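Here come two complexes built around subunit A, the first alongside subunit B, the second alongside subunit C.
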Partner chain A sequence: MSSAAPPEALLGDVTRDALAELLLATADDEFVIGFWDSEWTGIAPMLEEDVAMSSIAQDEIGHARALYELLAETTHDDPDRIAFGRPADAFRHAALMNHPRTDWAFTVARRFLYEHADAVRLEALARSSHERLAGLAGKMRREESYHRMHADAWLQRLAEAGGEARKRLTAALQRLWPDADAVFTPLSGEPELLASGVLAEPLAALHGRWRARVRPTLERLSLPVGGDGAPPPDGRTRRTDDFRWLHGEFTMVAGSEEGATW
Partner chain B sequence: MVAASVEIRLAAAWNALADVNDPEIPTVSVVDLGVIRTVAFSSDGRTLEIELMPTFVGCPAVDVMRDEITAKLSALGIADEVRVALSFVEAWTSERITARGRERLRRSGFAPPVPQGRIPPDRDPLDELAVLPIASCPYCGSRNTTLENPFGPTLCRAIYYCAACRQPFEQFKTV
Partner chain C sequence: MTDSVWEVFRQEDEGDAMTHAGSVRAPDAELALHYAREFYGRRQESTRLWVVPREAINELDDPDWLKPPFDRSYKRPGGYLIKHKLEAAKARAEESP
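Moving on, here comes the complex of A and B:
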């Protein structure tokens, strides 16, 4: 099978470390947003949204699992240990995912900013020289098209509703924009990723494309558009008490009986 | 090791796979679902290697399918070992469901996915997948249907309503 060629046969040590950094950052984004949004199960504003948000969250956690498995093969680790056996400060998700679920408008604002950032990133990863990462990203893109439609539809709905809905949406976008930039915070191994073609384009270029993509929608709805600043250097290392609480929740079962299987 | 030729052993493997069903939609086999990418023997002929393509990356039924495939093929006694590996080398798309699979979906109350040939050539299929409004009612055949929710009870299912026979129904998502 052509897919059986292990990445380590093709990559040097430095590039392998850089690949691990990229996989961890991407997987942690998907994992943490999946856990926050899974909290809507049972309490979303309407039944359809209960089903939709549960399904979206399950997709994201599934994407994280596949990425953790690829990472575990690269670093000879165990995917469950990576997901549930790390301290909170070892997570590398973007600051955008540090915030709690909050209210529906906040969730919609975050999903809108993230879905488009994720789409831009997946397009680049689908062109990766790393065959298996490219294949996985290509598959994830097809599923994410449903998420994007969902986020776009809700952004418009809340913006056009006016009143409290629009007020909360506007405040959430203002609060979240600088942390959404952090999806594109440069990785320390980026030069190696670019040289090896694992990453087809610099994150700075993807950052620009993301802004160009969300701006027309936000302007059409007269919603705030964030500044043109560079992503914060600590965008993937800053952790909050909100995240530490979530980390306690999602590691609770695995942590209660180390090594247990079910 | 059984002395049967590789061709005969592979045919036996495919036959057995036709009896393994999707645990979430038990009338459709993994073969008709198009999730089996390759079935091959290792170069020494001892290991039977299966490439399984999940319909959705996060599909929780994949582990069940994997176990059932391993058990069924191991029971045939045609290989020392059976290995089922997940593959994302190419994306599983709903185009991979066979004509028989589509018909079996329909008979069990699921509208089959929309053929992607209907997406206009000047549009990016990834932008269009999620908004394809067309699904024929699996009960009465009417196309007077509306998409109620692109997300359903499992990752691969969407919820529609038929205005002709006034029935809600599910569609296997176009992806």
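Moving on, here comes the complex of A and C:
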């Protein structure tokens, strides 16, 4: 943890807005992938996997919750409102999380691409000058290492299974790669985040590291590796009807009685 | 799927004996560890897990070996009646300070 942590009160307005943007993007990634993956509860390939996937999905939503709480303190907001009170178009997750659950191979492909991207991002956030964010990222990393091993194990199984499993996995990776790049789409407040040390490294550098991390695994399994293009500029603002449907699902209960206490 | 069964042992706290927790079905050793963790460790109830393929266990349940037909009560501590000897020893100890 850095010793040069700026106390919350000393953050300028511009840096605070930039911090809020970073927290929202990261939290929305975790929140939305958690909800998509929670859809496997009851229908995963086998009972044990059902429990494992549901537990991982819960972990992701738990990480989102911690990040929303930190965001709410920063912007004097309410974490539940941020999670359940926003219209679909106000979400800032990467385009990777716009896609529906689809089939098991698709979910495995997304989890693999995302978990490694998340790992690279968390490593940088753990070195943040913002002490609370750095501490939170450090805690999240401990759980994410297990998620990553789980994704790696399934990627390998499906790739080596051949046949339909491999075909679907290959198609999913090809389809998802450009949207996985969007995890590293530059943030508008990135210059302030870098100047203040809240973000230890530019997202472009993290993007390169992520590619270098996933490439050997994909090559070893003769799976497709995506292009070297820059992340799409609208990578965190593009929304789909699939996501709008999911948004309707996860806001349904909170929306059924406005202002209700839980 | 070609699943096999894995027996899971868990240790509650460091130094405790490993006890049988239950079993999971999994296609390989790696996923068996993941599933064992989900079933027997995700609520922080375990310090350590052992995950063993069921085939690796040598089972013995032969009653001729385990429940011999003759009286073997002398092999148990309770087979020796030492209550009276203990009482006598205590009494002796009290008499001679």
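Details
To be clear about the criterion, the second predicted complex is superposed on the first by the 254 of 262 C-alpha atoms of A that agree within 3 Å, B and C clash if a C-alpha of one lies under 4 Å from a C-alpha of the other, contacts with A are read in each partner's own complex, and residues count from 1 in each chain.
The rule we apply is simple: a contact is a pair of C-beta atoms (placed from the backbone, for glycine too) under 8 Å apart; a residue touches a chain by one contact, two chains touch by 3 or more.
Worth saying up front: this structure is predicted, and the values here are computed from it rather than measured.
Under the clash rule set out above, the superposition-derived model of subunit A with subunit B and subunit C contains a clash between the two partners. Legend: residue contacts after superposition of the two complexes on their common chain; A:101 is shown touching neither subunit B nor subunit C. Greater residue coverage of subunit A by touch, when subunit B is weighed against subunit C, goes to B.
Once chain A of one complex is fitted onto chain A of the other, the partner contacts of A:138 are limited to subunit B, with no touch recorded for subunit C. Touch criterion met: A:146 reaches subunit B and subunit C at once.
After overlaying the two complexes on the shared chain, residue contacts for A:65 are found with subunit B alone; subunit C is out of touch. Shared-chain residue A:45: touches subunit C; no touch with subunit B. Touch criterion not met for A:207: it reaches neither subunit B nor subunit C. 48, 51-52, 55, 146, 149-150 are the residues of subunit A that lie in the contact sets of both subunit B and subunit C, per the superposition on chain A. On the side of subunit A, the complex with subunit B involves touching residues 1-3, 48, 51-52, 54-56, 58-63, 65-66, 131-132, 135-136, 138-143, 145-146, 148-150. Residues of subunit A touching subunit C in their complex: 45-49, 51-52, 55, 146, 149-150, 153-154, 157. Only residues 38, 40, 49, 51, 56-60, 85-93, 126-127, 129-131, 148-155, 159, 173, 175 of subunit B touch subunit A when the two sit together in their complex. Residue ranges on subunit C touching subunit A, taken from their complex, read 1, 3, 24-28, 30-31, 34-35, 37-39, 42.
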